[in-house]
Amino acid sequence: MKLKKFLALAMTGAMALSMTACGSGDKKDDAGNNTSNTGSDNTGSNTGSNTGSNTGNASGAKEEVTLTMWGAEEDQTMLREMADAFIEANKDAVDLTIQIGVQSESTAKDTILTDVETAADVYSFPNDQLNELVAAGALMAIPDEMGRADIEARNTSGSVAAATVDGKLYAYPRTADNGYFLFYNKEYLSEADVASWSTMLEKAAAAGKKVTMEMNSGWYTYGFFKAVGLDSTLAENGVDTLCDWNSTTNSVKGIDVAQAMLDICKHEGFIATEDAEFVTGIKDGSIIAGINGVWNANAAQEAWGDNYAATKLPTFSAAGSEHQMYSVTGCKLVGVNPHCKNVGWALKLADWITNEANQVKSFELRGNGPSNINAAASDAVQANIAIAAFAKQQQWAAVQTVGGNFWGATETFGQTLQDGNPEGTDLQTLLDNMVAGITAPVQ
Amino acid sequence: MSKKNKSQANAMDDRMVAVEKEPNLFKAAFLALKNGDWAVKCSALWMGAGYLARKQYVKALIMTLYEVAMLAFIFVVGMPYLADFGTLGTVQLEYVFNMQTMKNEMNDYDNSFTILLFSVITFVAIVILFFSWLANLRAVHKLQKRAEAGKHINSFKEDVKSYLNEKFHITLLSLPVAGVVVFTVVPLIILIAVAFTNYDQQHMPPDSLFDWVGIENFTRLFTNGLTATFGYSFKTVLTWTLIWAFFATFSNYFLGIMLAKFLLNKKTKFPKFWRTIFVVTIAVPQFVTLLLIRNFLSDSGIVNSLFAQAGITDFLKDIGLVAEHLDYVPFLSSPGWAKVMVIIINIWVGVPYQMLVATGVLLNIPADMTESAKIDGANEWHSFWKITMPYMFAVTGPTLVTDFVRNINNFNVIYLLTQDVYVTTNQSLALSKAKEIDLLVTWLFRLTQENYNYKMASVIGIMVFIICAIFTLVAFRSLTKGDKERMFQ
Amino acid sequence: MKAKKIIKSVLRHGFLVVLCTIWLVPIVWIVLTSFSTDPGINIRNFFPEEYTLVNYHKLVFGSDTVSQFPNWFKNTLIVAIATCIISTSFVLMVAYAMSCMRFKARKTLMNLSVTINLFPGVLAMIAVYFVLKNAGLTNSHLGLVLVYSGSAGLGYLIAKGFFDTVPTTLREAATIDGASEARIFFRVVIPMSKPIIVYTIINSFLVPWADFVYAKLILNSGISSDWTVSIGLYNMLDRTLINHYFAQFCAGGVLVSIPISILFVIMQKFYVEGITNGAVKG
């Protein structure tokens, strides 16, 4: 009879509970968890008053600041050291606590966009996620007063360009090695062999081994089309993509490139792999050359020992001539979340993590190629085989900026080629479909 | 007068039994307002009044507090959000960096999702308050009538006691129902509302606002073009979802029963031992086994190297099951193979469980049924189809329906086996982020997790609901018919 | 005649051996790989070249930023116990009310619960997340417990089916003796329902061990020591980690499975009784 009433009572109870919880949640900054809950519910108004009270604070006693930072699994120990040094360096000005969380860089965007407000204050990500993060308001443009000019001066122009959208600098370059080049095993292949796909594939097939690259990824296949001057770029609205990969008017047509790719895929000496399979393949000796990046340099060196070598990408043959394959100018960036409570300190931390000394450290500990001009010029960096190969490739490399529909369509296209185009679809049709997918308005 | 009242009450009671529905409540509340004394009428404004008049002080206090709390919540917390419900917010986030304080100063911006969330909570609160208001009126009116008839009026202690006896169901249900409302109903209402907005990656709070767009998303789901392929993808994915649900349900069902029967057969030695082996496979968490199987069967995985060594890959190539240029079997990476494999792996996952259920049911099979079959001289196969299966079907028929619905929503198997492994070669599917191997739920999940396309995900979710609802209605209707027939036998 | 019988028996058991082998291959592979000296995936041979306990040792004693197994295990155990208590109470409460009591809103509530169950669970996920966030419960194990157990009441059908089999005469007799509904619930129905209680306990206890979707969404601070076993292990298969942690993943899988398997094997009888009696009527 009074069921409804009682349910109602219970529900109000629950609601009242949640109300008090969120009321207090705003103030107490939940000791147990580290996220800076920037006014999750009554957002704006609260922040205003907070700022007010803190202004008084800044002039007086030492401020307490908690920052959270996300970095890749492999970088955790290194980041901790850098953060501790940062705390130490600023201990007179501020009482800092820095919590470091694990967030794989390749999926940073996915986690951050789910809820920007609770994402870390400072985080590391690869530059191909920059556009989407900026569009979602997850990155703070670095104000001129916070040393923007200095950042732009001390890092390579390519890495600065990769961190810039619409003339605003949105992140601190941390590495400038996020592109691809060729690893090979000197036991089977000579420097001359790896200059072109065709000789490399022949040698590999003769030895019963494989050459590899990831085909079903627009990040890699970009290198084939860019080589002949076909491009994919961001449209003016910042979300859609423009693409002429299916061009029939270019000196080398899109279909020629696709044919070249298909020939590679179908070659006996080729196997398409993704990252983890690449490592397994070089470990068990079945793969003797492959297009990949510095993150697998250690694995390759371990597996091949003295026979480990790396160089620029090979040429491929299309429409009767050889073309130098392109790479992307990619970097790892460190960005700051505008929803952070202490954005100033977050910016300083990001700056610290990416300064010259720490880039050198990051090179020494993790083999990351520095974006800092001075750090990159050091002898040790120059002597690193993988980074040297990456540098060699840089004259055939471009910053890749594309919209959201690029990845799915190129993945599908690459997969079809990788499968050897089993249905024998006309390549021009495949290209046209892909370009239709790439250029379709994001909805 | 009292007689009339009584007959009225009787009539009401009758109706209560006949239709267990709400109209009673409205009518009772209406009658309370019309016929109640001043205290009852007062209760329309002050919910404690009716109890106060009958000297139920504690109850009066509780109801007053309840009313104040609810009204305070609705007006203080809820109303500001509810006022923005029509627009879902108009003030976009802006901030300036203040060099002095080293902080960002944000404007008083609107967050469309928060507005939606609190609006829905407020709606729910208003509905609850309204119904409790009605129920309260009815209750105090009843109280008034009891007082007038000189009947006993419960003390607070007695009231509390009644919640352990005739009103025990209220005690039992209040917390679980509250849980369901907070963690299922409210979120579902919000997501249903999202289907009518443009909440996607271009309109993501807190940085941007989203807005109502009417049924645009539903039309999108049913249209198809070169650059808008949701219609095509929906059809493709739906077809596979239904095929999958059919095979996944029935393969598990029949194979599970057969296995159970096989193990129960007296000729099988150590049935417990065998059963335990199968049970162990249930106990290993699904994500561990499924992720493992994914690596087991990957293109460069161990099964493929063993197959290649043993020449099986070449044999499969010769008979045309594996494409000519491949040197591996694309177990989970080509549409045909992957679809067959997920169904087979699902058998691996589900049969032990089904076997357990079937064992229990089969043990309960009336002995005379099987005995009579033996006397009739029926062989095992015959008795399986003529006796065991009809019995099983009669008993577990309804679970078949729920299993079918569960398989339509079977997220784990497909997601864990094909995520990161399966790449579609169909551009139309790729454009709407679907894959051949996707079920509606996995598609929906990836739309939200990888593409933040909440609007389309919500639309798909609603479609899944409609499909499941239609199926359940039809299936249960025919099942209950069947049951009646069986009862006559 | 006898020979034929023996052959038949051999065939029968041979068939069973084959079936069990198929069912055990992945399990055996986990166990073998967990003892492998190769930390990555061995793709050439089913059996590792050398055996070692180092993966278990690393997992249990050598926590690094990736692998925090002892913490995960503790977290999951706490969450699982709390979930188990709340869920089981909710399920039994709702089932008793729906099965043994008669009240006006009963049919409506039952129909509503069936309807709600038809919505795909993953749909409401993001909204659940924001509800929790506004309650300040994200990144807390309490939040996770609430998500796992809050809606547990919806899964009452099998328990209701079981309660339906409790003879009404027993309850009537108790009522005549003057027992209240609460007393009947605790003293008559609950003691008779051991199988369904065991079934419900096992099922709700397993939820936190198996779920990675909600856990990943809610524990999103990236602090790996806060994770549950499932997100932690899932994370080990990340592209950049799999070649170093696959063996540890397997070892983790084994360590999680052992207690659950034992639980299952011991409780098998009740589990079967619970589900069959429940499903028959439900």
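By written order: A, B and C. Residues from 1 in each chain.
Operating definition for what follows: contacts are C-beta pairs under 8 Å (C-beta built on N, C-alpha and C of every residue); 3 or more make two chains touch, one makes a residue touch a chain.
These numbers were taken from a predicted model, which means no experiment stands behind them.
Trainee: Give the chain pair, either A-C or A-B, that is connected by more C-beta contacts.
Mentor: Greater number of contacting C-beta pairs: A-B.
Trainee: Find the chain most remote from chain C, comparing centres computed as mean CA coordinates.
Mentor: The chain farthest from chain C, judged by C-alpha centres, is A.
Trainee: Where the CA atoms of chain B average out and where those of chain C average out, how many Å apart are those spots?
Mentor: Distance between chain centres: 18 Å.
Trainee: Which integer distance in Å separates the CA centroid of chain A from that of chain C?
Mentor: The computed centroid separation for chain A versus chain C comes out at 37 Å.
Trainee: Which chain A residues sit where two or more other chains touch them?
Mentor: In chain A, 1, 3-4, 18, 40-41, 114, 280 touch at least two other chains.
Trainee: Which residues belonging to chain B are in contact with no fewer than two other chains?
Mentor: 114, 118, 169, 171, 173, 175, 177, 179, 182, 300 - these are the residues of chain B that touch more than one other chain.
Trainee: Which positions in chain C touch two or more other chains at once?
Mentor: In chain C, residues 41, 43-44, 103-105, 126, 130-131, 134, 239 touch at least two other chains, as defined above.
Trainee: Taking the complex as given, what residues does chain B use to touch chain A?
Mentor: Touch list, chain B to chain A: 25, 62, 66, 69-70, 73, 77, 93, 95, 97-109, 111, 114, 118, 121, 124-125, 128-129, 131-132, 134-136, 139, 167, 169-171, 173-175, 177-179, 181-182, 200-202, 204, 206-208, 220, 226-228, 298-300, 323-327, 330, 334, 423-431, 433, 449-452.
Trainee: Would you mind writing out the residues of chain C in touch with chain A in their complex?
Mentor: Its residues touching chain A are 40-41, 43-44, 65-66, 103-105, 126, 129-131, 133-140, 217, 220-224, 226, 235, 238-243.
Trainee: What part of chain A is in contact with chain B in the complex they form?
Mentor: Interface residues on chain A, with respect to chain B: 1-16, 18-19, 40-41, 43-45, 47-48, 51, 54-55, 58, 110, 113-114, 116-117, 132, 135-138, 140, 143, 145-146, 216, 239, 265-266, 271, 273, 277, 280-281, 338-345, 404-405, 408-409, 411-416, 419-420, 422, 433-434, 436-437, 439-443.
Trainee: Quick check on the complex: what are the chain A residues that touch chain C?
Mentor: 1, 3-4, 17-18, 21-22, 24-26, 30, 32-35, 37, 40-41, 68, 70, 72-74, 76-77, 99-104, 106, 111, 114-115, 118, 120, 274-276, 279-280, 283-284, 295, 299
Trainee: Across the complex, what residues on chain C touch chain B?
Mentor: Going by the criterion above, the answer is residues 8-9, 12-13, 16, 19-20, 22-24, 26-27, 29-30, 41-46, 90, 93-94, 96-97, 101, 103-109, 113-128, 130-131, 134, 146-147, 149-154, 180-183, 185, 206, 209-210, 212-213, 230, 233-234, 237, 239, 246, 249-250, 252-253, 256-257, 260-261, 263-265, 268, 271-273, 275-277, 279-280, 282.
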